[in-house]
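After the structure tokens below, expect a handful of questions from me.
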Amino acid sequence: MPGSSFGEAFRVATFGESHGGGVGVIVEGVTPGLPLAEGEIQQQLDRRKPGQSAVTTSRAEQDEVHILSGVFEGQATGTPLMMVLYNKDMRPEAYREIKDLFRPGHADFTYLKKYGLRDHRGAGRASGRETAGRVAAGAVAMKQLDQRGVHIIAYTKRAAGIECAAVDLDQIEKNPMRAADARAAEKMVEAVTALARQGESTGGIVECVVRGVAPGLGEPVFDKLDARLAQGMLSLGAVKGIEFGTGFDCVDMGGSHHNDWMNKNGFLTNHAGGILGGLSNGNDIVFRIAVKPTSSVSVPQETVDIHNNETPIVTEGRHDPCICPRIVPVVEGMTALVLEDLYKRQAALHG
Amino acid sequence: MPGSSFGEAFRVATFGESHGGGVGVIVEGVTPGLPLAEGEIQQQLDRRKPGQSAVTTSRAEQDEVHILSGVFEGQATGTPLMMVLYNKDMRPEAYREIKDLFRPGHADFTYLKKYGLRDHRGAGRASGRETAGRVAAGAVAMKQLDQRGVHIIAYTKRAAGIECAAVDLDQIEKNPMRAADARAAEKMVEAVTALARQGESTGGIVECVVRGVAPGLGEPVFDKLDARLAQGMLSLGAVKGIEFGTGFDCVDMGGSHHNDWMNKNGFLTNHAGGILGGLSNGNDIVFRIAVKPTSSVSVPQETVDIHNNETPIVTEGRHDPCICPRIVPVVEGMTALVLEDLYKRQAALHG
Amino acid sequence: MPGSSFGEAFRVATFGESHGGGVGVIVEGVTPGLPLAEGEIQQQLDRRKPGQSAVTTSRAEQDEVHILSGVFEGQATGTPLMMVLYNKDMRPEAYREIKDLFRPGHADFTYLKKYGLRDHRGAGRASGRETAGRVAAGAVAMKQLDQRGVHIIAYTKRAAGIECAAVDLDQIEKNPMRAADARAAEKMVEAVTALARQGESTGGIVECVVRGVAPGLGEPVFDKLDARLAQGMLSLGAVKGIEFGTGFDCVDMGGSHHNDWMNKNGFLTNHAGGILGGLSNGNDIVFRIAVKPTSSVSVPQETVDIHNNETPIVTEGRHDPCICPRIVPVVEGMTALVLEDLYKRQAALHG
Amino acid sequence: MPGSSFGEAFRVATFGESHGGGVGVIVEGVTPGLPLAEGEIQQQLDRRKPGQSAVTTSRAEQDEVHILSGVFEGQATGTPLMMVLYNKDMRPEAYREIKDLFRPGHADFTYLKKYGLRDHRGAGRASGRETAGRVAAGAVAMKQLDQRGVHIIAYTKRAAGIECAAVDLDQIEKNPMRAADARAAEKMVEAVTALARQGESTGGIVECVVRGVAPGLGEPVFDKLDARLAQGMLSLGAVKGIEFGTGFDCVDMGGSHHNDWMNKNGFLTNHAGGILGGLSNGNDIVFRIAVKPTSSVSVPQETVDIHNNETPIVTEGRHDPCICPRIVPVVEGMTALVLEDLYKRQAALHG
């Protein structure tokens, strides 16, 4: 009933706060025999970790993963896989000054209201750092999905008002924005760094494409493939919307134009984003998420403290001017968690 | 693990196919003592039922609800509440002709791939008729939410390319589109009926506003309020996207502009749509969903049959040219299911 | 979170009260394509239904099962299978007199304390009639288990102080006690009918043997095979204990004697009852449950009413002097629910 | 779907193998604000840890608990509480010799069959060491239950064939057997050490009494209080049976004698063990479990290896001749997990 678990057959439970002992995850349901090594998981974590470039925060966490259980002689045993990243670069004192303030755009106010108390150090449980556990678990899921012939690719489609004109997947890991268009990426970096200098932030759109999913994946009716992906994506702190295929643009179309017709070679179009009736249809699964501008900015803002006194606030510290490049591996990891779970549930249905 | 259940503390399990014995729902976790009568539930079902106007299907189901358990002398007992709507206006023979065809935009193809067989009568389990169970359960949730001071209102914001210029909640139930603007509604009806005459369909945008939710509702991290609403909405067959508050428009904003500042009277704006860090912040909860154009159209389309033979198809029958007016009560009901569940989970956390 | 659901991959949710509209069950996760007909399910229900013989209650429910969804043209579709038994022989007025009394041994007192109100007609939700849903769902599970080569047999091992001297499975359905020994059965019938004449009741021991389960079934650590069977059995109202294999008698044995040694043909003994470390070991799974004497007796007892006034009570009505023969099919059904769920979970693990 | 999680509203997920990096637990749903310190949890773990006396194994684990998340400034934050015990006294080489043998009474054979591979070091996941996580989580639950006025006491009632003649709770922690009778304890120690000298082991009966639970706790019908306790107890590796109140002895009683009559001061007897219809009735909750003789003995036994070659086996190493004294705190902890979960579920029902 509490909300830190996700999945049924491939199940993750994350734990950890930004400035506590560490963050991590238990993964249940890993296929026994799956080859697993910390190095592969570390690769994905390195894509999420802070300090990668000028467009990401300078916090210096190494995010080194440790496997404490569930792997024996290089293979998953099928028992709970526990992975932890100990917190190292903790500066709780940096948060002392603002511990009684509700930072605009942050969960300070709502966490206090929900729990009656809160760990104010670096957003505590509400920190983006929580997603490291998902990336680690997602790396495990990806390993298995790779054997299923499934591949997940996300990239920054738009940031700071600049949109990719083309989609070249080879470019994604070559630019600090993880954009799919080299020239757009350059402009994004320029715009984002300019905003960063002003202490301002920006948002963007991340697109995710999944290839190789055979038709029929998903669990009607509440755990439809799109329903679970939507839950997974909206469970990321910075995400404010999601759309599949043609998305919001479908609303003005006629049904006969939006419907993806079929011929003997398959679907003629992909307006549906690869999902029909909540089940994969064999097309690429395509969705986009709206990433809000980072809440932490150093321009002066107005807020109140826990005693409801009005006060100006300037959030100093090490923050990402645009979270898109770092959210890309999180989107991929979260997508992998959704897919791997549904694959195993499909196996159970017919098993 | 199968997907026909939703919620943890207030839990629904729906069942039923379009042309089988009936559709319905078991609701677990209803607060004992809640006054309940079939009449109140029927009211919500009547808003969803077919045949309400020229812009909805002419299928003649009365959708009469029967409570089989969980209520005693007018009160919920706290034990499973079972509600069933027997199917009456079944014309399975109407589907015989197309039983081997994959109707474009429908789940025919994907259901067959998932299950290896399918009930072809009127989309079977994939029928929108399944949502009647959710509306019935949602009516129960609303009854309880009303006692909590929570009110949910959804309406058609856009349909057939026409958008409400104003929002007047009093108008919603006064026009067949359930639009919040009388003049826009008139134009919508005109446009939708024109499309219907051509055998074409259209989509729209439905907006939902929830008032009266105190701050702190939601379960970090996977069951955030927005994550669960997103799952719930995308679990509706016709929905292709969701956005909260400013939604996709937030992506080009600066953080200091998107953040909702506070003063001693509360938040100055509501860009976040009432949700911060996945928890309600006391503002109105606001989200919009993209409703796709109805897949069933009677203009000729191309498809294949189960033997992969190409064939033209014309979907005759009784269909909604625009599903928006009938999805409005479903959106409200589904929202109620999400909220009531999270209220009870909050009670458990502190209980 | 409420407790009327059981299982994860093969999941049942029961509903219904003794004297409401009916009792029934939704079964999720039925393997698509499984041949299913009401007749086969009815057969199991007939073994549980009242009025079978002099040693069972004379309540005249026909317990006729109706499938409302999830079956199409004689096959399970894989979508929720809904089965309902409408209540017919309801005599709520029979309970009016005792509606404010706490019947000794019944759940009247505790249900009122839990829920704050209760359906007093025939024990309401606490009625043994709830188990009809389990038997129906269990019949579906058995159909699938049969294809897996798994067979479940339960029988009365002891009743009214008389114990089977031998185990002859062919005898079980030939005597009204469902005992595995014809001569013991005769004596049991005699003893039970004598007790019934005095208005007294008795209990017994039911043993269950499962054959054909391959080694490795169960989910460490909380959903071990024995843990789930224990939950399932203790969830039956009349059951007060369970033991596996040698059971309580193992406590005085030495480890080297209790351990089941192996040679190349398998285990030499079966003290463990077919379960090692919570997983099936390929031996017969063997457990016994303690069935308490039926609470409803017509000898005078002492109790209080809801106002805490002391009062004598004589429970008239139609009751089973010994529930053993009717609990036998329930034990089999519940065992089937446990096993089928674990089979599907095993498929998910490796899937 | 995998089985390492337990509970719904107060939910634990354990991880860890005997000789991997460590064992531990994530606890979700801890009431925010609950005062928590490692010291209190350590106290319970110290009661379970090896090496306490001559009647327990000499393995030298200190079982030192570390809280990594979920506690801030001495209070539970309501977010996942993660506790880990790093493994220290690992001697994997001790297991090399028997790594291909199926030790009688152990899960070696069944784990290999289930998973296709296994961590052979000290029973891996099947090790009793896994229960340390439950004891740690149970200590947290107990802290909360203490505030509810609920107290759990377990003790060895019988071991090596010697039964307590009296029940004196003050004696439990004063003797190495955790027996409730000082004189019986002395004899037990004598008998157990004599068996240990011969390389043999023995079992026993542990009784658990819970005081202070108000009437109405439990979730009909599958999560009845006794059903969940039974699941919890049978999920302990050494437990082969459970009985409530009068237990198996009730089977020969008449209903009017087994029923606990009431007068205005409450129940006159407690044959039911404090549970009616699966709900607490306000009486002490009383149950007993059958603890099997420890499987590891150093007398020669017969078994096969993974290639099905027959071979004698002598399990050397550091083992408990009787697990009763160390299982007592595990029974208490597991009981606490069951109760605290049901308390929170009750809060949800009425919340």
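A, B, C and D are the chain letters, set down in written order, and residue numbers restart from 1 in every chain.
Definition applied: contacts are C-beta pairs under 8 Å (C-beta built on N, C-alpha and C of every residue); 3 or more make two chains touch, one makes a residue touch a chain.
Quantities reported herein were computed from a predicted structural model and do not represent experimental measurements.
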Check your understanding: Out of B-D and B-C, which chain pair has the most contact pairs?
Key -> B-C
Check your understanding: In terms of CA centroid distance, which chain is the most far removed from subunit B?
Key -> D
Point to revise | Averaged-CA centre spacing for the pair subunit B and subunit A, given as whole angstrom | key: 26
Point to revise | Where subunit B and subunit C are represented by their mean Cα positions, the distance between them in whole Å | key: 39
Practice item. Determine the centre-to-centre distance between subunit B and subunit D, using the mean Cα coordinates as centres, and give it in whole Å. Key: 46
Review point. Which parts of subunit B, given as residue numbers and ranges, touch two or more other chains?
Key: 1-2, 4-5, 8-9, 14, 29, 32, 78-79, 114-116, 125, 220, 344-346, 348-350
Review point. Where on subunit B is subunit C touching in the complex?
Key: 1-2, 4-5, 8-9, 11, 13-17, 20-24, 26, 28-29, 32-33, 66-72, 75, 77-82, 84, 114-119, 124-125, 344, 348
Revision key, fill the gap. Given the complex, residues on subunit A that touch subunit B span 1-6, 8-9, 14, 102, 104-107, 109-111, 113-116, 125-126, 130, 158-161, 195, 200-205, 214-224, 226-235, 237, 240-248, 250-264, 268, 272-273, 276-282, 290-297, 299, 301-304, 308-310, 345-346, 348-350
Exercise for review: Note which residues of subunit C are touching subunit A in the complex, please.
Suggested key: 1, 8-9, 29, 31-32, 78-79, 220, 343-351
